[in-house]
Amino acid sequence: MNAEKRPTRVAIVGASGYTGAELIRLLLQHPHVELAVLCARERIAPRVSDVLPQLLGLCDLPVETFDAEAVAARADVAFCALPHGASIEAVRALRKRGVRVFDLSADFRLRDPLTYAQWYGAPHTATELLAQAVYGLCELNRDALRDAGLVAVPGCYPTASTLPLLPLIASNLLKLDRPIVVHALSGVSGAGRSASPATHLPECSEGVRPYKVAGTHRHTPEIEQTLSLTASRDVRVTFTPTLAPMTRGILATAYCEPQDGVTAQALVECAREYYRHSPSVSVLPLGTLPDTLWVRGSNRAHVGYALDARSNLVVAMGTIDNLIKGAAGQAIQCMNLSMGFDEGAGLRMAPTWP
Amino acid sequence: MNAEKRPTRVAIVGASGYTGAELIRLLLQHPHVELAVLCARERIAPRVSDVLPQLLGLCDLPVETFDAEAVAARADVAFCALPHGASIEAVRALRKRGVRVFDLSADFRLRDPLTYAQWYGAPHTATELLAQAVYGLCELNRDALRDAGLVAVPGCYPTASTLPLLPLIASNLLKLDRPIVVHALSGVSGAGRSASPATHLPECSEGVRPYKVAGTHRHTPEIEQTLSLTASRDVRVTFTPTLAPMTRGILATAYCEPQDGVTAQALVECAREYYRHSPSVSVLPLGTLPDTLWVRGSNRAHVGYALDARSNLVVAMGTIDNLIKGAAGQAIQCMNLSMGFDEGAGLRMAPTWP
Amino acid sequence: MNAEKRPTRVAIVGASGYTGAELIRLLLQHPHVELAVLCARERIAPRVSDVLPQLLGLCDLPVETFDAEAVAARADVAFCALPHGASIEAVRALRKRGVRVFDLSADFRLRDPLTYAQWYGAPHTATELLAQAVYGLCELNRDALRDAGLVAVPGCYPTASTLPLLPLIASNLLKLDRPIVVHALSGVSGAGRSASPATHLPECSEGVRPYKVAGTHRHTPEIEQTLSLTASRDVRVTFTPTLAPMTRGILATAYCEPQDGVTAQALVECAREYYRHSPSVSVLPLGTLPDTLWVRGSNRAHVGYALDARSNLVVAMGTIDNLIKGAAGQAIQCMNLSMGFDEGAGLRMAPTWP
Amino acid sequence: MNAEKRPTRVAIVGASGYTGAELIRLLLQHPHVELAVLCARERIAPRVSDVLPQLLGLCDLPVETFDAEAVAARADVAFCALPHGASIEAVRALRKRGVRVFDLSADFRLRDPLTYAQWYGAPHTATELLAQAVYGLCELNRDALRDAGLVAVPGCYPTASTLPLLPLIASNLLKLDRPIVVHALSGVSGAGRSASPATHLPECSEGVRPYKVAGTHRHTPEIEQTLSLTASRDVRVTFTPTLAPMTRGILATAYCEPQDGVTAQALVECAREYYRHSPSVSVLPLGTLPDTLWVRGSNRAHVGYALDARSNLVVAMGTIDNLIKGAAGQAIQCMNLSMGFDEGAGLRMAPTWP
């Protein structure tokens, strides 16, 4: 980027939740942008450090009530980190005023409004925007993201679940007649900043529990959409999200029958080839199994593979930090592609280990 | 039990590890036994509280070097909590002297010596004892355990993995032509008391990671053996153990195709019927998903079910405390059955929650 | 206790919180009592396992709305585990009907109604009951607890803080002219079952923070009251509670100047003598420092000592499980003494380690 | 820094431990340096990602055996992250060859060789280097660090303990006749990368424990040295380190008598004035208490104050991330000052929250 160019002015709508906080943290370090506006629905404050004390001495912007006009006047780009449903109106208002929007809610991820209605319990109220929205899985849609005005940033589970499967499906290494089992673990920050009994430390720090199993979690159709588009056929998934007693990280493990003759090494090589130009994804060597700690605090995804010869099943694993590659970081990666910045700009930090 | 009867004198061989410590804790509360001898290989001490400070003021027995003769002179029953391989000789020496043995190692779990040799890398050196050993999954082998002189206490993963599946297989509710996917999470105490990089808090408290995936974990053949015996046919499993950042607890989730027409409610009812006389197992009502915290600190197992109609898969879940129902508690339950005590004697404590 | 005697019938008022749940767990194992009535304010349910799923298969009592008349008809003894303020009326109603009450709130702990008013912001509305209440620190008030009809069970912090200091003060080993610094760490269950941002796992599992420091925490006057009564003079304390990222456990560390010539060994011996008849307290040998894990899950307290010769300060440390010796267990210990049972009845379980 | 200038070439000696890994992570993002050499004693590897898998795709340098000549040929600056004792020879060899050294061991922190000998059990073998070494507490020694050739980077506990006290002592707000009580909590990463029973997750994830109390921890004389130099008189400290069940973070709480008439607000204002030019330190407003989570993952320190009027004691609190402001980050801050870079270069990242 030309050093003389004015930095891109950025607004964050929904700045006081976990995704918003992570966007602030990452964008403060981004070489080509300037944080210009922070909006929230609940935690309005004269200084963002009043509601996010970790920003004391680092950012003094106020947290304002959302006003599309005011945002459009002061920002070129907006990240919307609102709950699903709440996002549609904000996105519409910003798009109408020409603001480029990266939406982290689920509202624009499902291409088919009927699927949306079926899983979210109400018809989609902005189908005209839905038609414009680009699904922001950068490794899949890199070209479509260039100059995109509205990007639906993928969910955390779908990102971790599809990244290890995409190369194998694209190269036709899997038999897809039967459903793929996807078992996924998530850290508790995936539940957001609102406290609840399920996230009360004494009731979740020393236990694991599945939730919304057997095809009832709303990330199921998103995973199926991505895999089906890649396979050019219907792919069915049974998805089991499980809460793990940690703050950040997703580990997704997928089970599927390989095409005849596929070897474990072939799985790794296929993924290496697929991700050779993807700065955020690393393929683990055969025999190395992933650990969410190895990606925590970064925009990185690790994918790894094993082949169970006894039961003839591929085990495909993916790990990400749910708040970064599963949310804020991936949104910035989308912005980089949309704006023509380097894809990894502001996203090169190594994982925080240990 | 008759109040005048002399209490059963118990020895623990391998008393200073986690399983040994848990045996001490539970047996100190058992109404029909007296802790008589504690042996260990490494942490010999004049008082057990020197190596297990939590026992200060509660147990003053010494920790002695193992000597079968001395144990036989002072104990009627021995629990062997040694690593696999180390157990065979201790068990042989104790059995020869008439001591009833409950062995918590893997040495006597696999009925077929060839399978043992294949998975443990060396021929079994006590096949005559192997033939006598009763597999101590109490809910399955209650009758065979009566008066048993040598019991192979099941592994923690096999206990959690088979308990939810047994009723369904026994009632022929599952199609078993394809492999069952078993995804299991374990707390770190499953790795034992020896510190290692993998269990060093900074490298495991905020991350999850699979290990020994794709049919390489030694609990795989143990799970298959139990399911195959129940099904009267070969059952194949792909097993994925995963380390979760907590101390205790196992959650096993199994995926299998149902027979045609099976409903979710039928799964629950089948398990309720199967476990109606099992004091340690509770079947969760439909819609309630298990949580390892609900069984932690107790000898209880919870099993729960869901049916994914979209992908036509049964999701069968089981939770236990790996050190209790997965080790020390189950061993005591075996002793209760073997000695003719009430099955739940000394094992009725409610889970430690939160 | 005579085996023919009818078991004591027990009610728990406030049964669905953490202290209530722990009372249920412990009383289910108590040899001389029968759980008869469970009441709660919020989580009314046909079966207690509906709101405390860990009790599935172990206890089928309903959770009822509190009604003093009904409780008195079915119970001899009541444990009140209500928030402070809410307790006074329930206690009054139960006492009027002759029920022996063990109150776990703060409402009857401070002997001086003026001190109560000063720290709780409102006058005490049951001063006649306050005069009857016995402070239930068993190790201090063993004799007064015999036949007591109303017992104020001590707070968790005061129990952990005063146990290591009491022997030294009773034997005049400390100079008390200057304030004692008491720095205490507590697990998050001390905050109760209500979720809040402060106990939301992502915001407390990887951090420590002090709260209500500098003499603003309400346990301060309770600690001072106990120490002052023992010293027969005013003792001043500065108390710093700190939230530690774990579920259970309190570690209190107190700093005070020793009398001239006092040695570290003298501190240990003084405590050994003081606690020689106390089944719940162990004194650590010199050189062994306490660990909350060594008491977790039990009614035990560990006290330990060091002497900093360079700065001439005694370091006196105490550890307890806040929900047991700091609440439910201590309440049962009070009941045992009040009813003439063995002091340790139902409370002998060893700590859950690891 | 001039954009045309060649970046400073940096070596890390002791690259595979936690401090080394953190130095790599931070220096990869530093605008004025180039990572040139990685050395270790144990984990030699062709690629650093073989021993630190989180660096996969981010850094491909080998991990080499240390050779001072080779380092001097390829690096201008070296960070030594070796255990104390092991550091002296490496530092001597590097200094002889003109390499600027930032030493993170304890070997050059104590100015008085006799004090070193007394606490470390052996005479200091490089007193000539000791005389040159600048103590790298940047906020205290900013001027002395300019062009320094050998910097002793402060310990983690001394940094967290002295930062809140320095302003008060420099402004003579404290009475220093009696010892200052410093109670400190540390995350487990402070113990380094070597696994031990004390850091084995099952034995430390759900417990807190003090260690090396009563003036036996080697950071005691370092804290006293800094405070005494600032006070121009002897200051005595009793120091209690405590292990908290988390990975990163230190909270130090200090207790000391104020000079007459000092108010809580005066404490805050004094610190604000003292740190007004310090980019890494923020002073919390009165009423806000620190949380280690608010600084985790950053080079920031928070200091906060309360005044206990009842017991007439100042409570001064400091928090840092032990691996960053307590080690790697502070070392880089020292390098920035020594090299004339902006003090905050490469260190501006906001804390990783949650």
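Letters are used for the chains, namely A, B, C and D, taken in the order the chains are written, and counting of residues starts over at 1 for each.
Note that a residue touches a chain if its C-beta (ideal position, glycine included) is under 8 Å from a C-beta of that chain, and two chains touch if they have at least 3 such contacts.
Treat the numbers as computed from the prediction; the structure is a model and nothing was measured.
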item: Chain pair, B-C or A-C, that carries the greater number of C-beta contacts; value: B-C
item: Farthest chain (mean CA position) relative to chain A; value: C
item: Distance from the mean Cα position of chain D to that of chain C, given in whole angstrom; value: 39
item: For chain B paired with chain C, centre-to-centre distance based on mean C-alpha positions, whole Å; value: 35
item: For chain A paired with chain C, centre-to-centre distance based on mean C-alpha positions, whole Å; value: 46
item: Interface hub residues of chain A, defined as touching at least two other chains; value: 18, 187, 189, 202-206, 245-248, 291, 293-294, 354
item: Residues of chain D touching chain B in the complex; value: 18, 187-189, 193-197, 199-202, 204-206, 245-248
item: Parts of chain D lying in touch with chain C, wherever the complex brings them together; value: 178-179, 181, 183, 185, 187, 202-211, 213-215, 220, 236-238, 240, 242, 244-249, 251, 253, 255, 289-294, 296, 306-313, 315, 317, 354
item: Sites on chain C touched by chain B in the complex; value: 18, 21, 24-25, 28-29, 52-59, 189, 206, 247-248, 279, 282, 284, 288, 291, 293-295, 297-298, 300, 302, 348-354
